[in-house]
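Pasting the structures here.
Both complexes below contain chain A, partnered by chain B and then by chain C.
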Partner chain A sequence: MTQRAAPELLLGILPIALILALWQALTSFDMAPPALLPPPMAVFRRLVEQLGNPIFLQHTFTTLLRLFAGFAIACLVGVTLGLMASSSRVAESAIRPIVRVLAPVPKIALYPAFILILGFDHASKIALVAADALFPILLATYQGAVSVEPKLVWSALAAGTTRRKALLTVVLRAALPSVLTGCRIGLVISCIVVFLAEMISSTDGLGHLLVYASRSFETVDMYVPLITISLLGLSLNAGFNALRRRLLAGYPEAE
Partner chain B sequence: MRRWSAIPGLPPLLACAGLLVLWELAARGAHIDGLPPAHQALKQVPAILLDRESLFHIADSVRRMLIGFALALAFAIPVGLAMGRSGKVAAFFNPLLMVIYPVPKAALMPIIMLWLGVGDASKTLVIFLGVSLPLIYHSYQGARAVEEKMLWSASAMGMNGLQRMMRIVFPASLPEIFVGLRTGLVLALITMVTSEMIARQAGVGNILFNSLDMALYDRVYAMIVIIGILGFVLDVAFERIRAWFVAWADSQHQIAVGTS
Partner chain C sequence: MIAIERISKTFETRRGASHLALGEISLDVADGEFVSILGPSGCGKSTLLYIVGGFVPPSTGVVALDGKPVTGPGPDRGPVFQEFALFPWKTVLGNVMYGLLERGTPKVEAEAKARALIGLVHLEGYEGFYPKELSGGMKQRVAIARTLAYGPSILLMDEPFGALDAHTRTGMQNELLEIWERDRKTVLFVTHSVEEAVFLSDRVVVLTRSPGRIKETIRIDLPRPRRRKELLVDNRYQRLVVEIEALMDTPAQRR
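Right after this comes the complex of A and B.
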């Protein structure tokens, strides 16, 4: 396995290296004007420089705040509704059709409505992030909770556990792998959506920095926020995966 | 309860009606300028759809969306199938796709507009990028799960690699590919709306924000309803097509979730 891993890793780095080389070649042979495509080193240097810049970090912090607030709401509402739909027929017949209607609707279209109702500040962005991250979490929770072995719940009920307690201690625990997968997808979605919302209308945050740079034709500064949010997405994804493995230690289906 | 929920199409309709009633009540209760009552906004829907210019913009958006979707389809399915059948191809593409996954595709709009201008090309390219990833992923998963024995039999019958791909791997992966297509279609709509909102040049997203800037709030909400209906109708129509093509596979009761 370890013998095979090294060449495979090299093979995987190859396309990324090729793209970077192409980028470098385009700029150093003057095929692309620097105003349109800055050299990769200039972007990288600017990124490192900005990461030490308190104003840039302040914008990053604003973005992260909105991201986590929206994600937390989505987790709370999504897991609660998912569990409710899985446990009662009445709740299911109410939640299922609503989800069926709302899930394929582009949530970004709701953003103007959120702005009108909640204002231009944090609240509208947080609402959009929550709306977008909600459905994958809700569906994953529901699907996980429905496929929990019913015998587990029956034994808990027979042992005198109340229904609500059984839902939290047995069903939620047993459905945890699926719930966490949904949350991980929701987290990456949150990351993307918060950035887009800030690009569409905002006065701060990483997305605003990109739009601001594009209006003043500072090409290098357009790449830096985009790379920052992508790196944030990558590291949040990796961090969540590590957390998931930790929480799922001992589960049979955990990788 | 069992009886009425068994009628196809009725529960979603009831859900729509319920949501509209909720909206109407919220608007009457809250008295916010930015939230007109449902009936007032819905009156604007036929007005927009009968207006020549806005109808043209909507049709133009949908056309770009379908072109981007078709291009992604032609590119992503072969790549995904090749990844699923060859470990080397998978090792080649996987890290790259992992790196691209968290990049907000619609956010590339300002950069791509610098290169390709404000025309159709940049919008179509962004939609193509947004849709390709889930399509590649699902084709990959589908091709990976093809029964080896079928491929051995095909080789024994004298089929070469390409023939095996077309006659065995592609049809066998079709159910999984359709799952990807469905996610991709919703995603194409999302990317289209988002990129138009960012670019503010033309199309559905532009009508939405122009109405917002001109404080035509009824129109904003009417536009949201139109986009919502578009998303739902595309999803339902696609589900029908899928069911017709891959009726032989187990139907999956999955609700498509769009991501940006």
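Right after this comes the complex of A and C.
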């Protein structure tokens, strides 16, 4: 990827700055009582403070753990099933209907069931994240794998590679741009869903902190987890893009 | 020896009807022989090549190599495709080393062999380049080197120079002949260029319009080694080109 030009970067920052300015204006001109909408500086100051607070960091770590565990399961299962469906008629016939049935279900509706089955702790949250992030990854992998140029695979088979090995070393490798696009969507969904799950029922994590603060009218503390998850998402995305550029060196799509 | 016996290929169309793409073809190719298959587009000449390669199963008939029927791809037959089909995630060196490593050649030895082959196709200095950074002619040279690397006794070339400009194309034909003169591999070469077929081949097989059947086989008894500038002014070469062009001339084209 080429370095973005400075004017473009400025243009991107503008809307964010505008929202912050609006927020600041609402508080400075007393249009919203500070008890309900704290000034942005107060929130950011609290955020910096909290970043040194081991309890807050523990909650952040819990959220990250659930996010990564769920996302990793979604990647593993999604890529495996997508690749299987692309490579065999039998697997496709078995996978396609269940994907059609489950993909449109709002996964959050399964959350009460997950809690009953898996308990109140990590497992139910991780399951929800995995269930929500799974489908975009599965579909992107399948799409990418079926559109791999067959002659790429033939070239490998002719060189003596077995079909099974070629599925991993050629089909998956060639479908990587599409797979990674699916994973990136899955990662964003994971950020959203882990937070949501913690908001609905949890005793820890950033989502829980937000709900807890809002119930006790600690409005400053209510916005801190929100900004934290947003910053986490931002840095995860940046990390993911760096990885993507590395993995896709040589691909025409990586330009 | 390649023995193609009564091969035909029928494709199922979407509506469930069947379409005969390739009529019954029987053809023997001797060891070390350079045979071109010439025909109008859509006559199934590439399909015939894919069947010999073991990439596509025939609907009827059998292909035997030295008496052993073909059941799938194998390193005894090296394909070269019009689309190059290089692995985009591998460098030039990585692509050429691929087949050697698949065969279990130690890395150091594989690299030395690959470098020698890269020299053979005149690409020294490009070892670390990715395919997307190369021109069409260079990509095809990498593809040829990648195929030569695992030492196939038969080369299956599917319009290998079809995507190249006229100048690059004649250059590549010369290089191919040079390489072929060294070890005289058996070559099955699909093309729709009459000049190319006559210039390169010992024998030219002309196929009919779809479904492709053998219309005529012409022996090209021009002396070797062949030089382009000598051949172009050679009466026998010119007569062969005119004769074969007349064979390819369908009533529709004559108008």
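The rule we apply is simple: the second predicted complex is superposed on the first by the 243 of 255 C-alpha atoms of A that agree within 3 Å, B and C clash if a C-alpha of one lies under 4 Å from a C-alpha of the other, contacts with A are read in each partner's own complex, and residues count from 1 in each chain.
By definition in this document, a residue touches a chain if its C-beta (ideal position, glycine included) is under 8 Å from a C-beta of that chain, and two chains touch if they have at least 3 such contacts.
As the structure is a prediction and not an experimental result, all values here were calculated from the model.
In the superposition on chain A, contact of A:207 is made with chain B only, not with chain C.
Judged by the touch definition given at the top, the superposed model places A:193 against chain B, while chain C stays out of reach.
In the superposition on chain A, contact of A:54 is made with neither chain B nor chain C.
When both complexes are overlaid on chain A, the residue A:152 reaches chain C alone and has no touch with chain B. Once the two complexes are laid over each other on the shared chain, residue contacts for A:161 go to chain C alone; chain B is not touched.
When the two complexes are overlaid on their common chain A, residue A:110 makes contact with chain B while staying clear of chain C.
Residues common to the contacts of chain A with chain B and with chain C across the two structures: none. Of all residues in chain C, those touching chain A in their complex are 50, 53, 55, 72-75, 77-79, 81, 83, 85-91, 98-99, 102-103, 130-132, 143, 146-147, 150, 152.
For chain A in complex with chain B, the residues that touch the partner chain are 8-9, 11-16, 19, 36-37, 89-90, 93, 96-113, 115-117, 132, 135-136, 139, 185, 188-189, 191-193, 195-196, 199-200, 207, 210-211, 214, 219, 222-223, 226, 229-230, 232-234, 237. The touching residues of chain A, counted against chain C in their complex, run 149-152, 154-161, 170, 173-174, 176, 247-252.
If you check the complex, the residues on chain B that touch chain A are 1, 5, 11-12, 14-16, 18-19, 32-35, 87-88, 91-96, 98-99, 101-104, 106-108, 110-111, 114-115, 186, 189-190, 193-194, 197-198, 208-209, 212, 217, 220-221, 223-224, 227-228, 231-232, 234-235, 254-260.
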